[in-house]
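Shown below is the structure under consideration.
Chain naming follows the written order as A, B, C and D, and within any one chain the residues start at number 1.
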Amino acid sequence: MPDPEARRWVGKRYKRKEDLRLLIGEGKFVDDIQLPKMKHAAIIRSPYPHALIKNIDTTQAEKLPGVRGILTGQDVKEMSKPFPCGVPIPPKYYSCAVDKVRYVGEPVAVVVADSRYIAEDALDLIQVDYEPLPVVMDIEEAAEPDAPVLHDNIGSNIYSHRLMQYGEPAKAFEEADLLVKGKFLFPKYGSTPIETYAVVASYNPVNQEFVIYNNYQGPFVNHSLVALALGIPENKMRWIVPTDIGGGFGTKTGVFPYIALIALASKKTGMTVKWIEDRREHLLASATGTDRVTYMEAAVKRDGTILALKDKAMDNTGGYIRAPEPGCAYRSTGNHTGAYQIRHLDREVMVVGTNKCLTSPNRGYTCQELYFSVERLVDMVAAQLGMDPAEIRFKNFIQPDQFPYTTATGGIYDAGNYQKAFQKALDIVDYPKWRQEQEKARQQGRYIGIGIATIVDPSVTNIAYVTTALTPEQRAKGHPKSGSGESMTIKMDPLGQVHVIACTNPQGQGHETVISQIVADELGIDPDGITVSNVVDTHDRVYTITTGSYSSRFASVGTNALVNATRKLKDKLFKIAAHLLEVSPDELVLENQKFHVKDQPEKSIAVRHVAGTAHWHQTALPEGMDVGLFASSLITMPTSKPPDELDRVDSSNTYGFCCEVIVVEIDPETCEIKFHKWASVHDSGTVLNPMILEGQVMGSITHGLGGALYEEFAYDENGQCLTASFQDYLCPTSMEVPDIDIGHVETPSPFTALGSKGAGEASCESVPVAVANAIADALAPLGVVINELPLTPSKIWHLIKEAKAKQA
Amino acid sequence: MQLKGKYEFNGTQQQVWDLFTNPESLAQAMPGCQELRETGPGKYDALMKIGIAAVKGTYTGKFEIADPDPPNRYQLIGEGSGSPGFVKGTTDIQLTGSNDKTIVTYQGEVQVGGLIAGVGQRMISGIAKMMLNQFFKKMKKELKASGSAGS
Amino acid sequence: MAQRQRINLKVNGVEYEGEVEPRKLLVDFLREDLELLGTHVGCEHGVCGACTILLNGKAVRSCLMLAVQADGAELTTIEGLAQGAQLHPIQEAFHEHHGLQCGFCTPGMLLTSHEFLQENPSPTREEAKKAISGVLCRCTGYKQVIDSVMAAAETMKNE
Amino acid sequence: MKPAAFDYIAPKTVEEVISLLTTHEDEAKILAGGQSLMPIMNFRLGRPGLLIDINGLDELDYIKQQDDHLLIGGLTRERTVERSPLVRDLCPLLSQAISFVGHTAIRNRGTVGGSLVHADPSGEIPTAFCALDGRVKAVGPDGERWIDPGEFFLTFLTTSLEPTELLVEVKVPVLPQGTGWSFMELSRRVGDFAIIGVATLLFMNGDGTCREARIALGGVAPTPFRAEEAEEVLAGQAIGEELISRAGELAGEAADAEDDYHASAEYRQEMAKIMVSRSLRQALARTGKGN
């Protein structure tokens, strides 16, 4: 690692290159793509949560002038296969309902017409006869043997089920002085990026090749899965993601079925087809995080030491299950015990289906679900022991000298100083002062509460984790998976300018900017002069199966690949320069764009002459050396290994730390919540660009706040989604976000070239439970139990009322 | 969504029973009912035009007067659908008379689905109640009109 | 009536003439007919604010207006803020203070801020916060957006 | 989410509008600010056959004082009324209520007349209008008529305006010096539909007692309504904490709230009490007679 002091650009508040197109309306999003022969698609969707499709009559719609063709479920069944999915028995999940609908909003047919207006007119003319079936909406009921079954080929609504033991939980539970348990309900909430899903597909019947523009979050595994579903060679399906994606946060991994659907619509109609999801479609039927029911119990010593956890977590992936699920249940395996030294774990995992919308990762990918139970339970333990919730966390933290720390479940925590970061947060809010304030307030009948969450934020997914959905025996039979690789290519042109080719297709994280900063430091040049092209094009980009922007990969494995590629290029420059100066490379110094021999500044050659030689005078290069100047690196994190026979896996490859300390006051009459103070302290290793980091942190805090108080995909008991507009699905506006003090601690990661790691998801994992803990703390004297979200004033008011009734 | 209510009619239980089982008066009272066709004993097809604010829609539906126990109770089973969505419901209609006054109580479960359920949840239950009120008010008028009422 | 109607309007100082179906939304007219792709569609029911433009100087949702209604109007879209290579002070401020990430809501943020700063050249932070509350952003958490608006107010005052 | 096809016409005079309404009664729909109508049409919940765009009727865009009243043209934008110094000075309750409507861009387009005609039970303008005993002037085929306070809102999204009538003017009183006023609301987020909105007015006697109290609630019944029993306990009294909470109780009992996803009926009922009391306290403080 280069000496941090030597860095001119990394760690600086360098302004974003991306802004210069986005600020003037020159960004390139999928909806901005105009192609010849381009027609527009609209999708007819099921109004029923569970029903047989008896008949679809499209005759009237076909007659409508401007309609170019209609694709129904039957077409889809004939033209494609179900998507593969990493569970023992995958449901028959096509890009469109075939003979049965399983959630409100499920695609039933696609109309292609000259305009979206006409396409929607045609939807009105399509007659679909449904035969409604009984619905199942509750997670636990769905797992019951007598529940209505969604998929006959599975025979139950259980998509995935595993029992896992780590350490000796039974023994630990015997040794415990105290057992504390709770039931925790995490709601179905999501990302709702302001840009919805978008696909433009064209099919060439002669070379049988698809070209598909889309805003998927990478090639990732789904490029292969869609090719398999379409039954075509992978290289006959070219995906292009333009430079800009209007936010993703995990949800845009759910675009892939629509990529297949619109591709088929193009194939059937012979048109280039554009489909832009509208907001109602997005809220009904795109993808959400999973709702989860967790039963969790802690085995505790009287001194506050948490010996073991026993939990049963039930996730709900809705009407079907699709990649990257069942990741929801297994993605956080390595960090299941959070920031604590908990060596024993008894874990039951179940993924079920109900008649709800399907799922995808949502910023933090089920760590918010995990920590909602872990961090609530830690508070409950503290309460039972009469311990301060801050104290019990210090008691159980992993110690700074224990890193790299291997968790009971196989996670390898690279670095951290949890005590330091947490203490910083407590100092920022002046924790002792607020405990006193709380005492005073309680005597006046006011509800002040302090909420804490201290969590470990995993970044860089190891694709191997998903195979823990299979038993070790099942895994042994199949092909192992592992890795988290990313790719970067750097080149220097004949006049000595640097261009970087990336394929991380960010959704606003500023990779072009940070790439420029890093390369500038590595090569000692000015970042302004560096250009970066960062689009996905599966035909002309070099990438790996794990390439993309998800699980905060860029700052860890992305920077590793970039630094590696840049150093390869630098090494080649040194070799050429040395060859031209007839010295050995280690005699050379690179300074101010010149190579010169140590202690002989006059014996030098400018970098651009070296570059020029590589391109213009190719035979002057050292014998056997490739001509030109470029270098690529495709590397994975070394710890990205398959699960062992005990189901231990380093499910992510770097682990940051994040803590929230939040002071709230609840209006005793209206139950509205006011934030008095909020500290959010983060350790994501080396800070690459503090300005961008602050933006990422504020974004994830706000997204977490949405889950805590405002956002939910709500359904009635009959399976109707009640929140299909932005009037009812409530994203926080600027007015809902209080002032927040953000702090940072930098513990460089030994596993990454610059010591940096992911940062943009952490608070989305910690804020929901921290706010819940604050509200629980405020209402503790009333004995109110807080175990669900979002905590609306109406809900809190009823909880208080019930608690008071009990007390009376 | 659960719906229940109670209305007092100025008529004997038999008179009110006749009213509540008479398709003509039901058609008159049903908000926006354009036509009502008997398709079998106690079974009807209906065409309704309902407009609230700009939300106008034509709904085709059927309803049934099930297991009648004259003149005490019957079950009203109905469903209708139109471009804004669909409605399904089952309601118990109970009549209890004392001299020339009759209390009609209804208690039922109504499902609303489709477009309106997803984007209009804020007002659905209120509007459902409103339309029931309109229905019972009109039924009272019908009772008067039929001239059979005591008052 | 239902057949296409001729409309004349000025967008970013340029005269346009178009022929539209009455039902065509203004935002679709800007994007499809005038190829001004900077204005983004986010919800089509007036909540997210991404499609906010200036109609005769006033911020409006272009998804809640018909193109025919813009006949004779003067519009400003995000493409109309910068003078050639010279960014508008509000754009400069968003660049300086990282007031955007994915950039999708940014057109609405910029034009909303523009109207606000015309009406209120020296706002308090709380006023700026309220002013942008009609535009949803999922990336920034708004803090840096508010920083940007406040900074823009400063530079514009000293101009 | 694109509207279904419709005929469109943008008349220049009220007369034209009326004759169009008369000939196309059933199919026609007036397009004013469109901030409620356009979403309904984009969702295809509403599919009017003919859209009569009245945005060209400049004659209906005005705010003027006439003796002890303010006359507001039916097409006057909410934002114009909100920012009007005349309204702020003479009828601050109305400016205050409007400031709760959606967000600036919505109020720039939305009109006072449109909001009243849409008659959303939780609408801020309807609630304030109700407290102000406002009147509206409607023009129809048989000429114009004034619709009296309490006779305009019938039920959910329904007014006593005939399908052939156009709301052309809104009349609200000038509030005498020393009148206590307050508009408050609870909503999930700033700018959202009110879970409950409360508008209160306290007209005072010289001796500091309350001559007349007005309490209007929105969002807790099929229409905004006046809590008359609560008003009566305050009339003629020197208002204190006891009376205020009594009035709150009575207002709460008068509410007839419904459940929705955002708040239970029971919560709304309870909030009616609390918000009315809070609003009365604020209004009282504004009379300068608060203690």
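Operating definition for what follows: a contact is a pair of C-beta atoms (placed from the backbone, for glycine too) under 8 Å apart; a residue touches a chain by one contact, two chains touch by 3 or more.
Everything numeric here is computed off the predicted structure, so don't read it as measured data.
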| item | value |
| --- | --- |
| Contacts common to chain B and chain C (chain labels) | A, D |
| Per Cα centroids, the chain farthest from chain D | A |
| Selected interface, A-C versus B-D, where C-beta contact pairs are more numerous | A-C |
| Per-chain Cα centre nearest the global Cα centre, belonging to chain | A |
| Cα-centroid distance, chain A relative to chain C, in whole angstrom | 30 |
| Inter-chain centre distance, chain C versus chain D - centres from mean C-alpha coordinates, in Å | 29 |
| For chain A paired with chain D, centre-to-centre distance based on mean C-alpha positions, whole Å | 45 |
| Contacts with two or more other chains, residues of chain B listed in rising order | 83, 115, 119, 121-122 |
| Residue numbers of chain C (touch at least two other chains) | 21, 23, 44-45, 130, 133-134 |
| Overlap residues in chain A, where contacts from two or more other chains coincide | 117, 124, 278-280, 722-723, 725, 727-728, 733, 735 |
| Interchain contacts (touch definition) - all pairs | A-B, A-C, A-D, B-D, C-D |
| List of chain B residues in touch with chain A within their complex | 1, 83, 85-86, 111-115, 117-119, 121-122 |
| Chain A to chain B touching residues, read off their complex | 47-48, 104, 124, 280, 283-284, 716, 718, 720-725, 727-728 |
| Chain D partner contacts - residues on chain A that touch it in the complex | 116-117, 120-121, 124, 278-280, 669-670, 672, 710, 714, 722-723, 725, 727-728, 730, 732-733, 735-736, 792-794, 797-798 |
| Residue numbers on chain B that touch chain D, as the complex places them | 52-56, 83-84, 115-116, 119-127, 129-130 |
| Chain C contact footprint on chain D (complex, rising order) | 1-10, 34-35, 38-39, 42-43, 50-51, 53, 55, 79, 102-106, 108-109, 190-191 |
